[in-house]
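Presented below is the structure to which this report refers.
Order as written gives the chain letters A, B, C and D; numbering starts at 1 within each chain.
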Amino acid sequence: MTTTQVTLVQIDNYGPWTVTPEPRREMDLQTLQSRLFADIAEFLGHRDGYAFFTRFDNMIAVTNGVDGDAHATLQESIGNRYPVTISLGTAVSDRPVDALEAANRELQHEGSAQDAGRTEVLAGEYLTETAPTDVQIAHFDVVNATGKYTDRLNEFDTFINIEQAYASLMRYLREAHGALSFFVGGDNIIAVCPDLPESAFTEAVDHVGGDVDVELQVGVGRGATAHEAGFAAKHALEDCRHDGTSVEMIGTPAASD
Amino acid sequence: MTTTQVTLVQIDNYGPWTVTPEPRREMDLQTLQSRLFADIAEFLGHRDGYAFFTRFDNMIAVTNGVDGDAHATLQESIGNRYPVTISLGTAVSDRPVDALEAANRELQHEGSAQDAGRTEVLAGEYLTETAPTDVQIAHFDVVNATGKYTDRLNEFDTFINIEQAYASLMRYLREAHGALSFFVGGDNIIAVCPDLPESAFTEAVDHVGGDVDVELQVGVGRGATAHEAGFAAKHALEDCRHDGTSVEMIGTPAASD
Amino acid sequence: MTTTQVTLVQIDNYGPWTVTPEPRREMDLQTLQSRLFADIAEFLGHRDGYAFFTRFDNMIAVTNGVDGDAHATLQESIGNRYPVTISLGTAVSDRPVDALEAANRELQHEGSAQDAGRTEVLAGEYLTETAPTDVQIAHFDVVNATGKYTDRLNEFDTFINIEQAYASLMRYLREAHGALSFFVGGDNIIAVCPDLPESAFTEAVDHVGGDVDVELQVGVGRGATAHEAGFAAKHALEDCRHDGTSVEMIGTPAASD
Amino acid sequence: MTTTQVTLVQIDNYGPWTVTPEPRREMDLQTLQSRLFADIAEFLGHRDGYAFFTRFDNMIAVTNGVDGDAHATLQESIGNRYPVTISLGTAVSDRPVDALEAANRELQHEGSAQDAGRTEVLAGEYLTETAPTDVQIAHFDVVNATGKYTDRLNEFDTFINIEQAYASLMRYLREAHGALSFFVGGDNIIAVCPDLPESAFTEAVDHVGGDVDVELQVGVGRGATAHEAGFAAKHALEDCRHDGTSVEMIGTPAASD
């Protein structure tokens, strides 16, 4: 079984801020958003967590091993250095989507994301310890994306293909397993999963191939933290690339049988 | 008619770099990518261009008014400050996708995106002047996204809805009109368009509503640069929000009739 | 007695890099250096350490409570995201300058700062625990700097006064007590001290007043980490401002007598 | 004769902000300040200007070739992305210190640097064109700094030597010639000068040698902008390093005699 700690990072009252007193320059917003995400990815990454940009005004993170004090430090530091503040809701569950659901409710209970009086909420619960196989991460990419797409099509048509694969995979893994999948650039998708066997990943790859005709491969890893699990998944994906296989699993209970 | 100058920004040989000598920590890559994009957005934004993160290893920008010297400065500056380098291909056309296609070919002719010997390509052609209605930008968002999604669903399920809307819109506008649409965070999508009438936007909104059941509204603007057009579009979108309309156009030749 | 853990951060072979193959643009170097420092300050600051920019190619940090694993993470992360790498030497002593001296030797033993083969050294020793009064920090500023200087003189002449005060204080505290003093912007100087009584700070303030005719005030704090001690020092300095006193001490063994 | 355009960048009401409602974490302030400076250095550097961090809350820039619109863009962009705002005063004179003095008065006339009601001042005058020898830059460094200091002394004692050299040079060049000198990291000092002959630089090097016993060398360049002049100065300094000379001048009217 997995035990995933998920943190929802929400910029407080961001939408109204972006148009007050009148719309702000779009590239200033893009610069602000991407640097804010970079800071959060850096902060959590150095503590072996993973952060995903998602919609930028709402970001989702896997934070096994990151305690409440660290969350408070992050919130204070952002508040000191940005023109906006963030709220953080954290929860734990075996299914990632259930952890997110609970984390999300912590913020929703306090008020709307666009309630000017609801700022810097810090709520939820944190794991007191980590265990070696708490987190399962699957790292997907597209088989020969450079040869098939990047070097042949224009970038937007390449992107359409990657986007359709992502849209298909994210919905499938959410509905079938309560997993949370994130596009992380290039042709890479990282899925935070509950305890899934190899067959589930084969089915996911098959689903996307049938649905939008994009061929994926996936490395799957397990660890005490997102970084540990994700790093094993990256190594497993390297095995796919070298061996021409579709699914490789490393460090998982099943893999060690 | 529109005249759009499009620049493709491609990180040189990035995929191999991310796994050499072994896979690099994912959050270091995320931090690197998002800060690199932020720098490019800041640089081009200050020259009234727009940059979109797209796949992060390949970014697409609208650069009317940004000349070849400025592109060279950007390339040199990134090369001095990052562990990776970038290639830049630029081209001009009335349809954005045609400009991108030509910009992209400038790089593809020089070699593969994963060719270690093909670095810091700077190629293409630049407009020598700008004209007041050269660029048309449409800024879409989701009607009452906070009330319908953010405050009610968990963030991932909200994101699925936004993603499906984006996947639907990006494909539709590409195929119907050769427009390039980019998710820019929150519930916002910015489309770089050829010369389109109001009816085309009504049809796009209707298409997405019918396809994935998400209700969009859109402000459309026109200007000499991406910023000018995009800023007008933002103001038009504010009109939609206040007046409850689906499509508003500002600063366009049709609007001034 | 104090127990200070000091880390020397040195960019590997930086001087030659800045002029290879020919001199790089100065503002690219300034941007690189200040962002690299910002990342290190953020990383250590979130772990209750203090980092000082010093000469930017060599930075000095107080790292009580930051262990060897965290130092390794910082080094790896910088290596993944910058075109340069860093070496880190760490040591512990009761006098800050002795800790720095030992930390510095760890790197010097491995080769020159401009030896292309000496990269990413990670050496030294780390405290296994922290104690409540291990670190003493003194936070100086100039009495009424805005009224006397900033609002009356041109900025460079103001800066000359601040610089002379800093040059005088840094040398005095180094020679008299083995303390390490750093200009941190505005009219602020932070000194990392051994166990010093109130009279030592009165003498330092008097020395600078007599030497360069700039009137300082100072808050002194004590804590288990640089942040704890420095935060107490900031509060003590607020007391100086409100009460018109020259030296205030908080949280120090002497203060609690 | 030189014609130098100088811009004073002042963070509005920064001191009070750093302690409201209570003192903010020092490393958050350091991170904020150095990233703000990095953004300004990047912005102006890409327009061939030079920015210097000086006291961080007040920064001095040489902005020949950067017009009022660009200054307005910078101010707006910082205001959109930081929790603080900046004021900008700009002026032109043959002597750099006179330009700064006039630029500074533009802000002082509007109110105190710590007046909460005086924000985002944008004032002054800008050159309408640049001329090939408007700016003279001298780039100093310490002869064999790595061998004499960095590899032999502890970093703080090295820094004391560099600081004393800087304090001596900055004061000398200010008083003798109205030049503005800035430490830019490592063992490098950049001086923005009026029209000075080679003998003036020889005297400056001699002064510092006699005053604090640190041996400097200097490359001097001339150009239409800070970058052009500074780049020539860097090349001239390379000549000093290779030829063992103390002063080299490139691109100056005298040099071309």
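Here, contacts are C-beta pairs under 8 Å (C-beta built on N, C-alpha and C of every residue); 3 or more make two chains touch, one makes a residue touch a chain.
Source: prediction; values computed, not measured.
> Mind checking the rotation angle between the two copies, subunit B and subunit C? C-alpha superposition, nearest 5 degrees is fine.
180
> With chain centres set to the mean of the C-alpha atoms, which chain is at the far end from subunit A?
D
> So how far apart, in whole Å, are subunit A and subunit D when each is placed at the average of its C-alpha atoms?
43
> I'd like to verify one number: the distance from the centre of subunit A to the centre of subunit C, where each centre is the average of its C-alpha atoms, in whole angstrom.
Those two chain centres are 37 Å apart.
> Centre to centre, by mean C-alpha position, how many angstrom separate subunit C and subunit D?
It comes to 22 Å between the two C-alpha centres.
> Check each residue of subunit A and list the ones that touch at least two other chains.
As it turns out, subunit A has residues touching two or more other chains at 25, 28-29, 31, 35, 42, 45-46, 77.
> Contact residues on subunit B for subunit C in the complex?
So the residues of subunit B touching subunit C come out as 24-25, 28-29, 31-32, 35, 76-77, 80-83.
> What part of subunit B is in contact with subunit A in the complex they form?
Subunit B residues touching subunit A: 8, 10, 14-15, 19, 22-23, 25-31, 33-35, 37-38, 41-42, 44-46, 49-51, 53-58, 60, 97, 100-101, 104, 108, 112-114, 146, 150-160, 162-164, 166-167, 170-171, 174, 180, 184-187, 190, 227, 230-231, 234-235, 238.
> What residues on subunit B touch subunit D, complex-wise?
Contact set of subunit B toward subunit D: 39, 42-43, 45-46, 70, 73-74, 77.
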